[in-house]
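Handing you a structure now.
All chains are identified by letter, namely A, B and C, in their written order; residue positions are counted from 1 within each chain.
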Amino acid sequence: MIDFLQLTIYGIVLGSIISLGAVGLSLIYGILRFPHFAHGDLFTLGAYMAFVVVVFFNVPVLVALPFGVALTALVAVAIDQTVYRRLRKVKPVILLIASVGIALILRSVIQLVWGSGNRVYEAGIQMPHLWMGLRIQNDHLIIVGGTILLVIALHLFLQKTKVGKAMRAMSDNSDLAQVTGIDVNRIIIWTWIIGGGLAAVAGIFLAMDTRLHPVMGWRLLLPVFAAAILGGIGRPYGAIAGGIIIGLVQEYSTPFLSPAYKPAIAFALMILVLIVRPTGIFVGRKV
Amino acid sequence: MLGLIDYAIFSLCIVGIYGLLSLALNIQWGMTGLFNIGIGAFFAIGGYTSGILTSPETTAHVGGFGMPIPVGLLAAMVLSAAIGLLVGLVTLNLRADYLAIATIGIAEIIRLILQNEGWLTGGVRGMANIPRPFEQITGGQFEWAFLVMLIVIIGVVFLALEAARTSAWGRVLRAVRENEPTALASGKDATRFRLEAFVVGCAIMGLAGALYAHLFSFISPEAFEPMLATFLVWVMLIAGGSGNNKGALLGALVIWAIWSGTQILTGYLPAELATRAGALRIILIGVLLIVLLVTRPEGMLSEESDRRRDRRREEREDLKD
Amino acid sequence: MSLLSVEGIYGGYGDVDILNGVNIHVDPGEIVVIIGPNGAGKSTAMKAVFGLVKVREGRIVYQDKPITNLRPDQVVKSGICYVPQENNVFPTLTVQENLEMGAFIRNDDYSADLKKVYELFPVLHEKRRQQAGALSGGQRQMVAMGRALMLDPKLILLDEPTAGLAPAIVDLMFENIKKINGLGVSILMVEQNAKQALAMSHRGYVLTTGRNRFEDTGKNLLANREVAEMFLGG
């Protein structure tokens, strides 16, 4: 029982990280109509951007986090406006290919600058709190608490602000958004700021939980896609739930299967959903 | 001098293997519009399948059945096709993007298996002593014979694909790609056609993987770095001209030359950066892909150029009649 | 002086022209209807006004300013709103959010216009917190028209506003269009229900194969034997 609860804690931590990525991916998918394959590498970029601030100014990672987020959002917007924007008129699948190229470029730039070894924000081992026989680390509380705060903030943004509502409108029907007079490019820029920023937070959290590595984000891309599909593409709230489910299932699988195969579990779950209910497990959007 | 020729022949063998991959992707993407980002996985399935079946008895991994190479090649194709069939059955009647996502899933799982299942694959140490064809006949100089064999295989695949492209089957694939509702309305089962194209492509990718294994005699997860192989093949097809079989081969040649060229270029880097040269090469190729997509998405030889030629030929034949 | 004048436009999708010299004008306060057989270019002409179809030749002038081939968001800013035929609401947004989207380009207080729309269509006020996708066809059409009114436009383009609606609702929709016109908004619409549309319109155009065929008051067109035989089912 205790083991199960411990795995639940790990699953919620991992699920939080996956959710943050999946929610951005789902927003981008809904508005730009292509699966953004460089999303995992935006995680990595965010983690390394924060790493630079940590090393350069010798500050704790949480202080560096906003800078990592801002820089990653900026890079995401720059990539969109220089590359993706030029390809919007053609078929979405060309954007998909371009995003694979961007993924490899981002990863390789990180490798070029920081090498392919592992790095950490803070050396040393964190002593976990012991609570009713469960081990909980400070970082775990930060990751889960931070995710909850961000999800609430995102919810308020999407429901209450003009830009947030316009993002939902574009996700519903981008042609209608255009004839309504919505400034489509401005909304797309906002989408990248939010998607890129959330990806950076996810990457920083992932690096706090594990360590920095040039393919850390790419390795998480499959679970993130699985979460977005589970939640129903283009549905940010579904993506959050999908992320938590994927995180939990991946951790629950570890007593039965080598932990190396965690992504395979996410994949299996995704395939299952695709077979049984391709619109996602929640009330799916009509496609 | 002889060394240089040997190097050139060996290089051409590699180009040929990439050419096969590029042709295979052309059936899936160029002709049918199916996005496969797990090329590396099918390549690896082929390589390891043939490796396990044909290598001499060993304790390093399962098998070592010492079977003849043609059996290995055939099995590589069958297994790759079977796995392609499974993936296709699940995803091909869904939105196109789902296939792309499912294929990274396959690539990721194959990568994990290669690394973690030492009993099956030799793990990170890889799989050695895979037999080379014609070694006895040629007394060690097997590359010549290998290249001839490769050219014959590519020739057969190329001619088959060209025939397919201009056949009714190829026309339906194009219709399926361009405007599905019409193809569906004319009573064609689009999903079945897509599945056929996907499976044929996967089989050829498996064949290419097996040939690679027999060329190098050694394979390891590093050699099958799935993303790199996949990405290079994509750049090759797009540079050459997707939808055009000659373009697929030309793209393989040109991009492989550029890819090798970058290796020479990064050779001049100072020693402390040399370990990171690989990353720089990928960046260069990545930028090339993006520039191609933005400026010349139809590639060097466009699909249209081939269709125009076909039309001219048919007009000539009309005149003869 | 015309509010909108479309002068001899040619254009279409890709290489093939669908419009072969269409002329249309709308005066302030008018309801103008375009009718014609399928493929006559009715909707295409309207889309050309809104920058959704490329105009190759000819020009479009709105309030003395050329708007030929402007982007849709620029046309909106000049004061024309467009209600597409299908999928013309944001289904997962609430009714009120749909209306707010209509005011996206405004940075001032639009609560007076929101109130005006709710007065015009009280049922929308009742359902303002419901998702627009859950409404009936007629109510969705009201949301779409209401959204167009949020910019306080001088001219609204309606593409087949009664398509797919039950006959009882069709009458209601024509009433709504008259009400909007009563607010001083000019209307240019494409309609399949030619008889009813002509009866309520000040003027009408009959297009065939991308050209003007007839042009007259609604009443005269209804009385025109040739038009009756062509489109009104005798």
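Criterion: a contact is a pair of C-beta atoms (placed from the backbone, for glycine too) under 8 Å apart; a residue touches a chain by one contact, two chains touch by 3 or more.
Remember, it's a predicted structure, so these values are computed and weren't measured experimentally.
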item	value
Chain-level touch network, classified as line, ring, star, complete or other	line
Pair with more cross-chain C-beta pairs in contact, given A-B and A-C	A-B
Subunit B-subunit C separation of Cα centroids, rounded to whole Å	53
Centroid spacing, where centroids are CA-atom means, of subunit A and subunit B in whole angstrom	31
Chain centre separation (subunit A, subunit C; CA means) in Å	42
Interface hub residues of subunit A, defined as touching at least two other chains	none
Residues of subunit C touching at least two other chains	none
Contacting residues of subunit A [partner subunit B, same complex]	34-35, 37, 83, 86-87, 90, 92-94, 96-98, 100-102, 104-105, 107-109, 111-112, 115-116, 218-219, 221-222, 225, 229, 258, 260-261, 263-264, 267, 270-271, 274-275, 278, 287
Residues of subunit B that touch subunit A when the two form their complex	33, 35, 37, 90-91, 94-98, 100-102, 104-105, 108-109, 112, 115-116, 227, 231, 234, 238, 275-276, 278-280, 282-283, 285-287, 289-290, 293-294, 297
List of subunit A residues in touch with subunit C within their complex	162, 165-166, 168-169, 171-173, 175-184, 285
Subunit A-touching residues of subunit C, taken from the complex the two chains share	50, 52, 72-73, 76-77, 82, 84, 87-93, 97-98, 100-102, 104-105, 147, 151
